[in-house]
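Look for subunit A in each of the two complexes below; its partner is subunit B in the first and subunit C in the second.
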Partner chain A sequence: MFAYIVRRVLATIPVMAIVALFVFSLLYIAPGDPAAVIAGDQATPQDVERIRESLGLDRPFLVRFGEWLFRILQGDMGVSIFTNLPVTTMIQQRIEPTLSLMVLTLCLAVSIAVPMGVVAAWKQGTWIDRAVMGFAVLGFSVPVFVVGYVLAYVFALELDWLPVQGYTAFSNGFFPWLENLILPAIALGGVYIALIARITRATMLEVLQQDYIRTARAKGAGQRSILFLHALKNAAVPIVTVIGIGVALLIGGAVVTESVFAIPGLGRLTVDAILRRDYPVIQGVILLFSFVYVLVNLAIDLLYTLFDPRIRY
Partner chain B sequence: MASATVVAPAALTSRDVAAAPPMPDVLPPVKPRRGFLGFLRRNPTIVAGAGLLLVMLAIAIFAPLLFTTDPTALAPARRTREPSAMYWFGTDMLGRDVYSRVLYGTRVSLLVGFSVALLSSVIGLTIGLISGFVRWADSIIMRIMDGMMSIPPILLAIALMALTRGSVQNVIIAITIAEIPRVSRLVRGVVLSLREQPYVDAAVAAGTRTPVIIWRHILPNTLAPITVQATYICASAMIVEAILSFIGAGTPPIIPSWGNIMAEGRALWQVKPYIVFFPAIFLSITVLAVNLLGDGLRDALDPRMAKRL
Partner chain C sequence: MDRRNLLKAAAAAGALGATAGMPAPALSQGTAARTLRFVPQANLANFDPIWGTQYVVRNASAMVWDTLYGVDEKLEPQPQMVEGDTVSSDGLTWTIKLRDGLRFHDGEKVLAKDVVASITRWMPRDPMGQMLKAIQNELVAADDRTVRWVLKSPYPKLRFALAKVGTPCCFIMPERIARTDSFTQISEYVGSGPMRFVRNEWVPGAKAVFQKFDGYVPRSDAGTWLAGAKRMMVDRVEWLIMPDAATASAALQNGEIDWWENPITDLVPTLKRNRNIAVDIADPLGNIGSFRMNHLHPPFNNVGVRRAVLMAMSQEDYMRALVGDDTDLWKALPGYFTPGTPLYSEEGGEILKGPRNIDAAKKLLAESGYKGEPVICVVAQDQSITKAFGDVTADLLKRLGMNVDFIATDWGTVGQRRAMKNPPGQGGWSMFHTWHAGADCVNPASYNAIRATGENAWFGWPSAPAVDAAISEWFAAPDLASEKAAIGKVNRLALENVVYAPTGFFLGYQAWRRNVTGIQKGPLPFFWGVAKA
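This part shows the complex of A and B:
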């Protein structure tokens, strides 16, 4: 068991190295001359040359990658072209809203989607099932920002129940924090809920046909205990896997949601960086999000043993 | 769906047969409709999805004929007009006709969706085949794909777009690069399981050369899952394109794409919400159409996958 954990943790190192290599080589993969693009249309040749130097594009790829990786490992992600602040500082200033939004969305989505999927599987073929599946198709089809604008229009502008935009720090109290984040979290959660509900339903349908479910029924177990104790527990592994994979949707969606609701988080930082062509910042955010994503999926891999003691490594 | 009308023989045990009354001779034989129309009849989801998509395609092709004006024509005197008989969807903050812009935006969205679906399928198929057949390349390719898949696709596209000039072509390239790992993994999985099939063994034993095996036995079997995957990629590419344009990393602002229209309407959305909502509705309907088509194709072409989801 312990040996497995160590092996699994060590196995993420090459993946992270490849992520770093890939993110780094984007500068070289991108068509055209990135230095000229970043410098902008009004730049003088000297400006372009200066940016080429600061990105290290004038030196050999491997030398440059080695230096860059060495600095990343020391927690130095470079300096913003626009503000001249270290990228790590800029990220630290913006991380709380994004983290809040993603954690809230995750909790909200899981606590809505899993019961939805369970009930849909239980009532398979009825209007409840069809409603859940219909919702799932809609969730996949209506983009995050569309849901965001509709929610903000209805609940903030028309009904005036919640603030339209902005963010209140968690240190100012739970309810002001929640008030600002609840609409963004629902908007961001749409696709995620659809994904989890669908997988939950499909897995539950499979599990509900197993012999031990019939045994549970035969011994007189209640419907609720059969669904949530016997069946859901055995359906946990695929559901938890998809929760982990879906975090990529949350990360991508957060960038847009923060724009719609004017939340000053990492997504907003990214969007501002795009408009200013501030590549070191974009690179830093992507690297951070990718590492978070890898770590989340590592944690989920390790959780398997909790959900399914049959899994031995 | 088709099996619902027919009693599956597997459900009958010997005891049931003994107890069952003899079948009357007058039962009409079950005759499933054949041909293309029959296929459509059995798959209403495909009809709904494809129908909607064809409407959108018609809008894209015939946009100039559908009572539109020049979508880029500025008219500062007629800024932010509410929807009316003159301006069906109103005008934006530069006085451009939102109806015309939304209709022309269909072209960008469909072009990006279809191109990304096609390109990433072809490239992913090639990579997946190489990975499934060339042992030493497999581990290298799959490690690279693992790394690429660890970067959320939208962020990968954003990073690529930040390094290039905004153009429809670059948007297509950026989204394609972000989608390739998923197709490659899918194809590789299919290839690996097909290689274990007896008929492939038989072909190998008969001395068939590898290219012929790939062409005759492997490729036809990858088509169904790839087609299904391609429709989903098309849907996701249209959303990503809109997101990229919305946050200013997509098509250049002069091109009327749905994401651009929404980005321009963003500043005014609290007072003039229609500028954002009309392109949003079109985008949602188009993506819904493609997703319905994908679900229908999945149920029809790939029953194994359909059962799992």
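This part shows the complex of A and C:
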């Protein structure tokens, strides 16, 4: 197992190298000019050119890529073209809100979606099943920003229970932290809940047909024990896989959610950087996201061994 | 661990978590009243007002750095850091004396050498500064409080150059910082104005914080805009960046913010219905919409084609596409200068007045020799103003029978592409849309877009020596009457040559909670004098 983990961690290096080359090349060929954005609308073409030179944006692709790669290998993601702040500092400023939002959404989604899927499978064909599946269709269909606006309108503007926007750091207290994040997490979690609930239901339906479930029933095992101990554990592998895949969904959804609720997270940092063509920041954030995604996949692979003892690496 | 122990551990962890989760002490009411929460027009992505000349940077910088002179609401330059000045009888030597007691935020005195370095850094980035640099003989610190500026020829508008609100403003920084090249960003933010920039609380894209500087000595005379006493009535100003207008609107209604710089027109009726919120015009100088044509390449290198477009265009269409049916927010503009200001002129503006005549425009287009060359219309879709203008222009050109290639893109790409002088078919462009702050268009001083110096002009590179000669007449004008005559001429000649196509004059709103007082109307949000109950 240990050797497997080491092999997988080492395998991230070429993956990250390919991501780095891909991102750098894509940004190089993409249209847009940070110098023009910096210079402002009233700047002359000569001003824009001078700024481009001062930023080194007029140098050849290979020179720029080589320098960037050299710095990355030393753990230096560079400095933002616009803010003059190190990219690592900007990421540090933004990582907590995004991480908080994703973890809360994940917890919320799993704790709601898995029981929903289990119950829907257990009550297959009943109104409960149809209600759960109806909710899943709704969760898939309504965009995150619509859910966000509706929640903010009802719970912040009309009822005045929660704030409309912003983020309070966890260090300032759990409840203030939760107050700011609960609406965004529900908005972001909608799609995720729908996805996990559907997969849980489908997998559970399959498992509930298995012989060992019939045997458990014959032995007089209780319904709860059958559902959550015998069936769910055996249905867990595809569910965990979908939860892992869903992390990518969350990263994408966080961009919109952070904008709607004005949360200063990595999603907004990415969008701002893309719109301004702040290359070092875009490259840094995408590398980070890629790395996180690779690690999540590794964690999911390792979790398989917990749920299915037949899986060995 | 058995079940009982597990439960005990969970309970203990829960209690610990609950303690850790106790809310942090809330700000007292007094503290909250001393903090002004403001949503600016855009993200404060950098903080060097000379290197980056975006308006949002200028607006934040006006709190942190002071200027030698400042314009008031009549656009008259008034002494600010300056105690007084004298001009030699030949108009060539300016002696500027600083006020006593001026200090930077690091506690150091503001000295004449800091002023010299700041002016020197500002000059290459500013049109008036470039003119001054070209005629400068000597700029030196005569003593700690006196700057001597010797010119080769008189420059009557020197005070205005140092006082204007148009970007870049001539902000005064410590010499060691101002020695940074104009095209390189500074990394130390030591100001001379009434507020300090709290760098360690700056989260670009989310928040910027400014704290009252107790060492600032305001002028004793009352003033408006950038002139007079800059007295801070709050201790702390927080800029909260909200990219989503609906969120900012909800936050203002919920009392989570105090002042919103630029609510979008669609949301204004909702805000006006809320009795806790005041809504008013933000800047009476407003904005002038524009589409610029590329004068280097066909078809717009032909003045006949440009005039045909001008003849056909309806400014009402542009303005209604932008602000809807709120007629308080726009007016037709048969010229290039800001309405309601002393130099406003409609001379030569007949081509933009009266009912639009598409048939006559088509005839002029045919006579001008237009052969169906493609018009590459590059339109930024991520800016509501340019998107609205672009849609109207595309329709207009099609109705004129022009061959339109509409390229929908983002502002970042427009910014890059408009700098390219290649023919439109080879990566270049034929037209793009933008807008100019009315404060920049009150006269030609900061108005790059009106210059027609060919290859050295602003994007589009219009070449009309007569326009520039008229602008020079304005710079040399000794009195208001002569200035008005020169501006009338500039307006007429610029329209004859179609330096660019003005799409109309439009205003925007600002909104604030009613417990906030002292908000001025102006080209930027002025934070001095603003109090919160």
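Quick notes
By definition in this document, the second predicted complex is superposed on the first by the 271 of 313 C-alpha atoms of A that agree within 3 Å, B and C clash if a C-alpha of one lies under 4 Å from a C-alpha of the other, contacts with A are read in each partner's own complex, and residues count from 1 in each chain.
Keep in mind that, in the parts below, contacts are C-beta pairs under 8 Å (C-beta built on N, C-alpha and C of every residue); 3 or more make two chains touch, one makes a residue touch a chain.
All values reported here derive from a predicted model rather than from experimental measurement.
Legend: residue contacts after superposition of the two complexes on their common chain; A:I18 is shown touching subunit B, with no touch to subunit C. In the superposed model, A:R94 lies in contact with subunit C only, and not with subunit B. Look at A:I29: by the touch rule set out above, it reaches subunit B but stays clear of subunit C. When both complexes are overlaid on chain A, the residue A:Q74 reaches neither subunit B nor subunit C.
Shared-chain residue A:V294: touches subunit B; no touch with subunit C. In the superposed model, A:Q223 lies in contact with neither subunit B nor subunit C.
Once the two complexes are overlaid on the shared chain, A:L138 sits against subunit B while remaining clear of subunit C.
Touch criterion met: A:S54 reaches subunit C, while subunit B stays clear of it.
When the shared chain is aligned, subunit C comes close enough to touch A:A39, but subunit B does not.
Overlap of the subunit B and subunit C interfaces on subunit A: residues 31-32, 34, 37-38, 149, 153, 157, 164, 259-260, 271, 275, 277.
By the touch criterion given at the top, residues 14-16, 18-19, 21-23, 26-27, 29-32, 34, 37-38, 137-138, 140-146, 149-150, 153, 157, 164, 198-199, 202, 248-249, 251-253, 255-256, 259-260, 270-271, 273-275, 277, 279, 282-283, 285-286, 289-290, 293-294 of subunit A touch subunit B in their complex. Residue ranges of subunit A in contact with subunit C, taken from their complex: 31-34, 36-51, 53-54, 80, 82-85, 90, 93-94, 149, 152-153, 156-157, 160, 163-166, 172-177, 259-262, 264, 268-269, 271-272, 275-278.
For subunit B in complex with subunit A, the touching residues are 143-144, 146-148, 150-156, 158-165, 170, 173, 177, 235, 239, 242-243, 246-249, 262, 266, 269-270, 273, 276-277, 280, 283-284, 287-288, 291-292, 295, 307-309.
Residue ranges on subunit C touching subunit A, taken from their complex, read 17-18, 20-24, 43, 45-46, 51-55, 125, 166-167, 181, 183-185, 187, 203-207, 240-244, 246-248, 250-251, 253-254, 256, 382, 409-413, 415-419, 434, 436, 440, 446, 448-449, 456, 458-459.
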